[in-house]
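Below is a structure I'd like to ask you about.
Lettered A, B and C in written order, each chain numbered from 1.
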Amino acid sequence: MSAQEQTRPQTIHTTYREAMREAIRDALIRDPRVFLMGEDVGRYGGCFAVSKGLLEEFGPERIRDTPLSESAFVGAGIGAAMGGMRPIVEIMTVNFSLLALDQIVNNAATILHMSGGQFNIPLVIRMTTGAGRQLAAQHSHSLEGWYAHIPGIKVLAPATLEDARGMLWTALEDPDPVLIFEHGSLYNMEGELAADAGAVDIEHAAIRRPGSDLSLITYGGTLGKAMQAALELAAAGIDAEVLDLRTLRPLDNDAIVDSVTRTHRAVIIDEGWRSGSISAEISARIMEGTFYELDAPVQRVCSAEAPMPYPKHLEEAALPQVSVIVETARALVGKRD
Amino acid sequence: MPSLGADIETGTLVQWLVKPGDRINRGDIIAVVETEKGAIEIEVFQSGTVQSFAVQEGDKVPVGATLALIATDGETPAPPVREPVPVVPAPSSLRPAAALPTAPAPAAPPAAPAAKPASAAATAHLRISPLAMRVALELGIDPATVKGTGPGGAITRFDVEAAAKGKAAAAPPPPPPIATPSPTPTPAAKEIRPAMMAADKQAAMRRAIAAAMARSKREIPHYYLGTQIDMSRAIAWLREENLRRSINDRLLYSAMLLKSVALTLREFPELNGFWVDGAFKPGDGIHVGVAISLRLGGLVAPAIHDADKKSLSEIMVSLRGLVKRVRAGVLRSSEIADATITVTSLGEQGIESVFGVIYPPQVALVGFGKIVERPWAEGGMIGARPIIMASLSGDHRASDGHRGGLFLAALDRLLQNPEKL
Amino acid sequence: MTAITSITAAQAQPQREHALDLFRQMVLIRRFEEKCAELYRAGKIHGFVHLYIGEEAIAAGAMQALAPDDAVVATYREHGHALVRGVPAPAVMAELYGKQEGCSRGRGGSMHLFDAATRFYGGNAIVGGGLPLAVGLALADRLARRPRVTACFFGEGAVAEGEFHECLNLSALWKLPVLFFCENNLYAMGTALGRSESETDLCLKASSYEIPAWPVDGMDVEACEDAARRAAAEVRGGGGPVFLEFRTYRFRAHSMFDPQLYRTKQEIDEWKKRDPILIYDGRLRESGLLDDDRLKRIEDGVAAEVQKAVDFAEAGTWEPVEDLTRFVYSERTRT
């Protein structure tokens, strides 16, 4: 090995799922207060195999299988966090998290403020979100935008291997409740990750591709589609910037406004439904922050306003697709020859 | 065409904001003129009724030419007699006679919205992006004439820029913006002047600055004086004052400096005015020009009128307004032309002292550097004080170093008594 | 600690003091809340205010079983619990006023009393919503190997909620140190137990989760204390949660005022004959522990304490509007 090669950071080939598992492992090793609980996180190895092998390594006290009682174990996570622990609560899908909505919204998000600052809740809740796997209307929705509506919690959407590996620890160190939304289609995403990859910031959006003609603003499961769209647009002579929001609450307002101020056009890609969505929020922020720099109306590519259907062709039609992003962007930039 | 500054001799009328028959009041903005320094709003100094236009949109005319006839209050509107102007548009377009009131205004109110200029009416229903609208204004493009290619046929910045480019290409190459001063305007061919492209404007502005500065160094025998002023009292006073003010009303120390220069100038009239035709002509008031640099390079020095009579708050408001309009490229003619002295402050750039070049035909320029902490002895004691370097560039034809020195000393005294500001 | 069963000579003095203290605690809650009703009418206190009058024996008795580092999770009818737990009366009253000197900085009001110093975790106004918190607090103690218990108070209305069943199951499954203290006052707002539950034997429900459960006369403060101590001893022993059903009655409206269409005047009057303060007053007099003179001293002391609380609240200050968004998130960025 040459000296030059030695100084180059080592990378490992891994997947989003493994990066997430490594993040949990790392947290369990680093902090004895950390434990994981949720449905089938132990013996089954996690519904999406994220926690596979962790029970054997850390034992049933720290890798806790729970009954199917989202409200009880999410609320228990809140109580345990108030009692000095650092729980990681896993909910199988965002649809199931609705059974624990009372605990998340009425307790986790309110107690610090309502108690006049006396009780903070250092809790992390992980859950799967999104469609694309033909799981139909009760396992496929993207409701992270709902959660981003709630003051008192933070909402993260790791879309890269680095963020899958690095957001969890930062979230655990955060004194307040943090929800991590893992898009189900990302678990098998493969790539190179620095061998020493670690904690990342959870405050800033990231420009995944700089560009000057328009901003594709997205997060989570649609980042890959936006990147693909940017490639196709580049072939058509349109230089798209791709902004990965990373954190949906609090939104990195400056990054959004800065990007659109530079590019003068924005397409927001969000797997949530359009009405009353996080994409609506982003659009409003653009109007508030940089209206006079806009060279075209803000556009959105969202999921069709219907429950997610099972058959592949309908599911694809319901979801934001690269071709639609490209068409929307081209229409926005206009006919220039 | 009002005088728009020492280095501006012609301007292109890009837009009328009134129409014949309109009632106007002193201070109204009636037109926009494009110059090398950007779009300038033309304000009127009398009240009355617009009788007729002598110049049409697109015409380039020299300073001093008649733009429009205004019947002042009490005056019977004269028949639309046009004085000869170098640019001669077709007379037919200049005959709004039937629409003209024959009696004082109320008799014939020009009420019909249809009478609005065509482009204004079109603009109301225009699909144009906020950015494109701004760029159109900057480039002097009438959006109504631009074909949109954006979503739904909307006009985008690209379209406006393309239109500007097209115009520039279609028109003959413009003459150098700074021509040698010529008392009689050259009768130019009748042409619609293209609005200048941003790059052209940059170049034109550079040329205008070059002409003015070269003239200054060629004609004005400068002398330079500098002194250090202890700013501790001024700053302490300002801090105290700002505590009483809401965040929006807070004062910057630059407002104090401008006010103190203006007040001091009352005692030094020979520094406040113009050198014209071999003699000093005192200013008709103390209108302090503030050098403001533009983001893309170049600078302008529009005036804060009667700065000695304005309160610090008023100066702050004027200053904010000026900076905003300079950056937007829209200045009023009186702001460009009337400055009787210029103040330049390069403190923000970290410069400690500046000895500037006088802006002809003015006769003095005051410069300020940045406030720095320095050891300072006073009454046998040494302490650290915030110090600013104040400088004066004087025109030796109009004043001498002795008086200049007294001016800086008086300025220093005033800044030691900030409550007098 | 042992339950009050038999009294030896050596124990007589402390027992006597303790009995009078239980009595005093109930009187304090009663007078405090009567003052609340008065202040509500005077426009000093706003919003929903749920009075505990009639149910004082439970908080006064059950809380005796807790050590200082145990935790309490309560409901929106929690003035009594906070006072007995040791949250200072002035801080509670200031909270009801909404003043920043209140125990929740004035943010929560009557329904959301919080106090870190006494590990008082609210003040939860979602029926059943406090149970998962209690389970979690107990889980933290279990994981940290701390010999503490968490007492969770809730009404019988919560028994209809899914969270009740989820939490009884989970805590029993994991053998967590939770005291489920169900205050059965027979009405969930205006809905009688029989009108909302197919099985009205609440202990049977708890038993179905393998949780030891028994009913207690919630109008008898000593019975309440005795039961709570037995339950706490069992929980501390590591056997998992215990469920107690305290049978009681609320003398006043659900919140400040309601027309009480759901129950008869006669029923209320019948229960008032079992007023826990009245009953204990009689018992203490019988055993010679209380007479008019001592009662007056207790009442005077309580009146002074209540007045002190009112004065404190009156003198309190409003949180500056600029602080509105303080504590939406923590002010420190790392735990």
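In this text, contacts are C-beta pairs under 8 Å (C-beta built on N, C-alpha and C of every residue); 3 or more make two chains touch, one makes a residue touch a chain.
This structure is a prediction, so every number in the text was calculated from the model and none was measured.
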{"item": "Centrality ranking, top chain (CA atoms only)", "value": "A"}
{"item": "Label of the chain whose CA centroid is most distant from the centroid of chain C", "value": "B"}
{"item": "Whole-Å separation of chain centres (CA-atom averages), chain A against chain B", "value": "52"}
{"item": "Intercentroid distance (Cα basis), chain C paired with chain A, Å", "value": "41"}
{"item": "CA centroid of chain B to CA centroid of chain C, Å", "value": "75"}
{"item": "Multi-chain contact residues (two or more partners), chain B", "value": "none"}
{"item": "Footprint of chain C on chain A - complex, ascending", "value": "35, 61, 64, 66-67, 69, 71-87, 102-103, 106-107, 111-120, 122, 151-152, 154, 172-176"}
{"item": "Contact footprint of chain B on chain A as seen in their complex", "value": "264, 291-297, 331-332, 334-336"}
{"item": "List of chain B residues in touch with chain A within their complex", "value": "129-132, 134, 149-151, 154, 156-159"}
{"item": "Sites on chain C touched by chain A in the complex", "value": "71, 73, 100, 102-108, 112, 114-116, 121-124, 126, 129, 131-141, 143-144, 150, 162-163, 165-167, 169-170, 173-174, 325-335"}
